[in-house]
Amino acid sequence: MASDQKVLEVNDLNVHYFTPRGAVIAANAVNLYVKEGEIVGLVGESGCGKTTVAMSILQMVSAPGRIVGGEIKIEGQNIVNLPEKELRKIRWRKLALIPQGAMNSLNPVIKIREQMEDGITAHEKVRGVALRDKVFKLLNDVGLPERVYNMFPHELSGGMKQRVCIAMAVALNPVIIIADEPTSALDVVVQRVVAQTLLDVKTRLGVSMIMIGHDMGLQAQMVDRVAVMYAGNLVEVGPVGSIFEHPYHPYTRLLIDAIPSTKQKKSLKVTEGLTHDLRNPPRGCCFQFRCPFVRDACREKPPAFKQMAPDHFVACVQY
Amino acid sequence: MEQPIISVQDATKIYGGGFLSTSKPFVALDRFSLDIYESQAKIVTIAGESGSGKTTLANLVLGFILPSSGKIMYKGQDVSTMTREQRRIYRKEVQAIFQDPYEVYNPFYRVSHIFNMVVRHFNLAQNKNEAQQLIEDALNVVGLRGSEILEKYPHQLSGGQRQRIMVARAYMLRPRLIVADEPVSAVDASLRAMILDIMLKLRDRHHISFLYITHDLSTAYQISDKMYVLFQGTTVERGNAGKIIENPRHPYVQELIDSIPVPDPKMKWNTNITLPPEEVMRMKSSVGCRFYPRCAKHMDICTRAFPEYTQVEEDHEVACYLYQ
Amino acid sequence: MGGLTRSYFIQRVLMFFLTIWIGVTLTFVIPRLSGSDPTTAMLLTMMNQRGYVENADKIIESYKTSFGLNDPLPIQYIRYLGHVVRFDYGFSFARFPTAAWDMVTPALPWTLILLSVAAVLSFLIGVTVGSLMGWRKTPRWLQSILPISLTFTSIPYFMFGILLISIIAFKLHWLPATGGYSRSVDPGWNLPFIKDVLLHAVLPLISIVLTSMGGWALGMRGLMIGVNNEDYFLLAQAKGLSPARVFFRYGIRNAILPALTAFALGIGSLIGGSILVEFIFAYPGTGYTLYRAIQEQDYTVIQTITNLIIIITAAGVLILDLLYPLIDPRITYKRNVAS
Amino acid sequence: MAVLATNSNTQAAARRVNIWDTPWLNAKFVTGSSIIVLVLLFGLLGPLFWNTDLAFTASSPVNLPPMWDKGGSPEHPLGTESNGRDMLAQLVVGIPASLKVGLLAASIGMGIGILLGSLAGYLGGWTDHIIRTITDSVITIPSLMVLISIAAYVRMPDTTAMALILALFAWPGPTRLIRSQVLTLRERGFVRMALLSNVPALEIMLFEMVPNMLPWLAASLTGGISGAILGATGLEALGLGPTRVPSLGTIINYALNSSALVRGMVWWWLPPIITLVIIFTAFFLMTVGLDEIANPRLRGYGNGK
């Protein structure tokens, strides 16, 4: 299980998107770490900044977005503003990505073999039969037949493509993998099979992972710790058991209550409210416009993080 | 006997495979039957994964496509042979809301365009004030005010507002049936409840039935009365939604429900499901049970003919040889 | 998987014949729709130019009989299609004993070589410029220089040719202005002749390439920007591949596919425009022959050249179409490959 | 991996800042259209200030250089050519003639394109198959070649006849464009909403689909106009244009036939070419600008181009 070694640290990350109508604050002072062998889930609604954080870790925030502050350390090395050449050495060997769109993540006109091999040969001196055997082994590890080696992406189903992506990501045994909603485009049965594959591979290799998602059920099944984001801010972080048992932040509670169940019928909880314009955040708590427990103190200054249980932090003035 | 508002009778839809076509014929929907009655408003769920034929069914019921065989009847009248006036009434009584609440807005117009279109083409109002009143009433049902939204452009609204406006638009026509094609799968979790709640309200207070098309069994469980589970165009299990989800009989439906991640870290998946190799999955038998290649409990008899529906309990039928 | 399938092949070959048929039919039908038949019109003008001709009507009548112009139109049309198939259009009007076909053949290699080199060059340069313009990682200085190469994009080829002749040939005397080679050299496989031919080809080539490459470049830029936002392109970057590899295998490799389709569709207008360039430069290709034929009202030669160019263009498009599945594995993909 | 998923909620508060905040104020589009307006004004207002009769043979002394050259005269500011035509008058008459041919041919092409394209896209099936096949065939025909061979013996009395013949090849482009647009738009949610609102097909086409195709249609039209002018000048330069009215192409034809190039009479061949280059560049800018309006991604990465 997880050791205490922090393989990834995100310190005070600020990312802005510079639009003609003002800067959109997509990530505001985000602090996050991942310990060795741990899966951290990053959850929130669409547009809450979870993908921005992931892209920042990958150093792939594209214009008009820019990291305006903070550091991202992989095994202690800060990679923010690292020169392109240095960054390339870290990519894939230490920092891999399992992308979201299973349908479009593979180049449609290049064979699977080449797409799997180029990631390896860009960083390691493996060639010829050794290289082929390595790819075969990776395919086996994710439960794909060796035939896939010579196929084009359009000949594979969505689940198979996503497993190819998983095989690619673990090829160089990276320190940390960013999984961007790795199963969201798949049917529920296939989603489960792919999620199992992902967990198997993770257990076997002991790799650390950040798993982005919006499906709290899937998070409960897969991750060790959960980080909840709202409107560019981290609002609660904690071990998955603790979070589900006792969600402290009203927003986390909302997310958990909103999961529909097949076990029991429950009355629908209706909430409504608009997220503020990210160009123009309010003073105080980011959740004040939608919070059912909002009070004057929330409008004054942003709440500080407070520890509620071991490893479980929340930013809310209630506590 | 009461005439159903919509009666789908043995509807089959086959794509491709025509003369000079290179693609093989693909059976999107296979002998589907369904009746929805006006007297008791119900939410009927059509559940299935991608490729199950659920969207094909929605398009058939809405008259966007015609069945290859079988019939879609609106109050005893075949949808494919309607006169203009009959079609107008059918359009008025059978409405729809769609998955992506942004897509259904023409970015060129303000939100009011959506309502004006309906008022004009169904002659709902004699004058401007009357129309204004109708729109305002419809918006109130979904908890919105005209002054807040009508003069805005669609991109200025939230996802929840956009979807509620679509419901209001449909409601304005006082339809008897609303086809809701994945109405909540593109909205965030916290807004999902609101849309589902409105659907329940419309059923209970305004007696509007819903054909709720979804891949998500859990929301179906929360709101629907009746349910049809589709697999590759065929109906594998049908009946009371609660009974099916609480006690699924068909191996496919069992697998489906078993795969839904449980939102409780203490109840992790403990079994592994394995899918057969891809070539087996892609194999499609056109006779017999479509689930045969993937089924752990398959028998020789399964490939011979599609199983008859067996009643396993009251209001719960399954098409599987295990129960015959 | 992939490759050329039979149905695709048949489909493309049918398109090839359809294109030729529409092209040659238009040149037959439209003039006749406008009332006059071309031969009579041309004979009349010839006679007008020569002043009064005795028994003009009888001469016309005898011509009409010998050319079969008194037959019903469908018969004429079928006979005309026969000419097209056999590449036989009869005698040249202006230089009577010579067959029209023999007037055209000497010019053909000049045109074919000039046009294919020009088309390929302009496409290659355009695609390179365009993909660099559309690539996010292209150095800033290059990004700011590249658009300059689009300056001449909107100018018709032949007008640019006129400008080039007047400046480079007449003012600066750097290159020869017109013709395919100088009178001073012996045609044949000798070095001075080849050098001379190449020198003469430079200006026509430049005027076509510089004006037509911009279109490809702009198209390619758009395609490349699209590819830049594709998930697989981002994943390739995340893999830490070298920028060159990302650019070529994940950028150009994908963006060039629709560009090639556009190229196939654009060949026709490229060739049409280039015909005028030959005329401006008095280049001894079919374009110049055509110009002379127009001057001399040589109907059969005009017809020969037009139909020939239609067929050559269609052949070029056919070749591109047949090569296309080799580089795009998806195009002829059939269902159930796995089984 | 939509990084900038500035979601709907946050955009709710964003309003259109002001009326200038519209994509139609694209720099290239605005520049291009202003130039065309200026050129058009020159052609339209020219006859008020200059005697257009001077555009005809033997109306003026021959071979006069422009007024700023030695031997030039202010009575013929841009000089005269070997057949005794005044250059300025020829331009004044020629510019509207050339623009008219282009506009007419492109409009006819666009009309046919809208008809065929929407038929193919809307009806699908066999209609679509036939229209698409023919369109794809015609688009690969070297149109200028066919036009030359037609024009070689159809004497064209005026610019309208010329435009009609040019329109023969002006329709496949718009047809392809509109077909593909209709095909995508047909599947869009708002078209289905209109269907559900009992809106008739023609009204859906005109009020739901066309507004969303406008920039594409406009780009296709400007591209078509400049294509038709290109074809027209090509034919005229070969001496196949209408001979009665001078147009920019015919001036070039006369100049070439009289060896103006070799004789160094720059003022004869250069003005029509410069005018045409200006016109083509303007239409090109408009087309590129409209493309950017239609497809915001093309607007580049913020380095000006």
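Lettered A, B, C and D in written order, each chain numbered from 1.
Heads up, the rule we're going with is that a contact is a pair of C-beta atoms (placed from the backbone, for glycine too) under 8 Å apart; a residue touches a chain by one contact, two chains touch by 3 or more.
Only a predicted model underlies this, so the values are computations on that prediction, with no experimental measurement involved.
Closest to the protein's overall CA centre, chain by chain, comes D.
The chain pair sharing the most C-beta contacts is C-D.
Rounded to whole angstrom, the centroid-to-centroid distance between chain A and chain B, based on C-alpha atoms, equals 32 Å. Centroid to centroid, with C-alpha atoms defining each point, chain C and chain D lie 22 Å apart.
Chain centres here are Cα means. That of chain A falls 51 Å from that of chain D. Rounded to whole angstrom, the centroid-to-centroid distance between chain B and chain D, based on C-alpha atoms, equals 49 Å.
Along chain D, residues 1, 7-9, 12, 14, 301 each make contact with two or more other chains.
Multi-chain contact residues, meaning those touching two or more other chains, occur in chain C at positions 136, 231, 234, 338. For chain A, the set of residues that touch two or more other chains comprises 45-46, 60, 62-63, 99-101, 274-275. Those residues of chain A that touch chain B in the complex are listed here as 45-46, 143, 145, 156-157, 159-160, 187-193, 195-196, 214-218, 220-221, 240-241, 244, 254-256, 258-263, 265-266, 268-272, 274-275. Residues 1-2, 136, 230-232, 234-243, 245, 249-250, 253-254, 257, 327-330, 333, 337-338 of chain C are the ones touching chain A in the complex.
Taken together, the chain C residues at the contact with chain D in this complex read 15, 18-19, 22-23, 26-27, 30-31, 34, 36, 38, 41-42, 133, 136, 140, 143-144, 147, 153-156, 158-159, 162-163, 165-166, 170, 218, 221-222, 225-226, 229, 231, 234, 264-265, 267-269, 271-273, 275-276, 279-280, 290-291, 294-295, 297, 299, 302-303, 305-306, 309-310, 313-314, 317. Chain contact summary for the complex, chain D toward chain B: residues 7-9, 11-12, 14-16, 188-190, 192-199, 208, 211-212.
On the chain D side of its complex with chain C, the touching residues are 1, 133-134, 136-150, 152-155, 165, 168, 226-227, 230, 233-234, 237-240, 252, 256, 261-262, 264, 266, 269, 273, 276-277, 280-281, 283-284, 288, 291, 295, 297-298, 301, 303-305.
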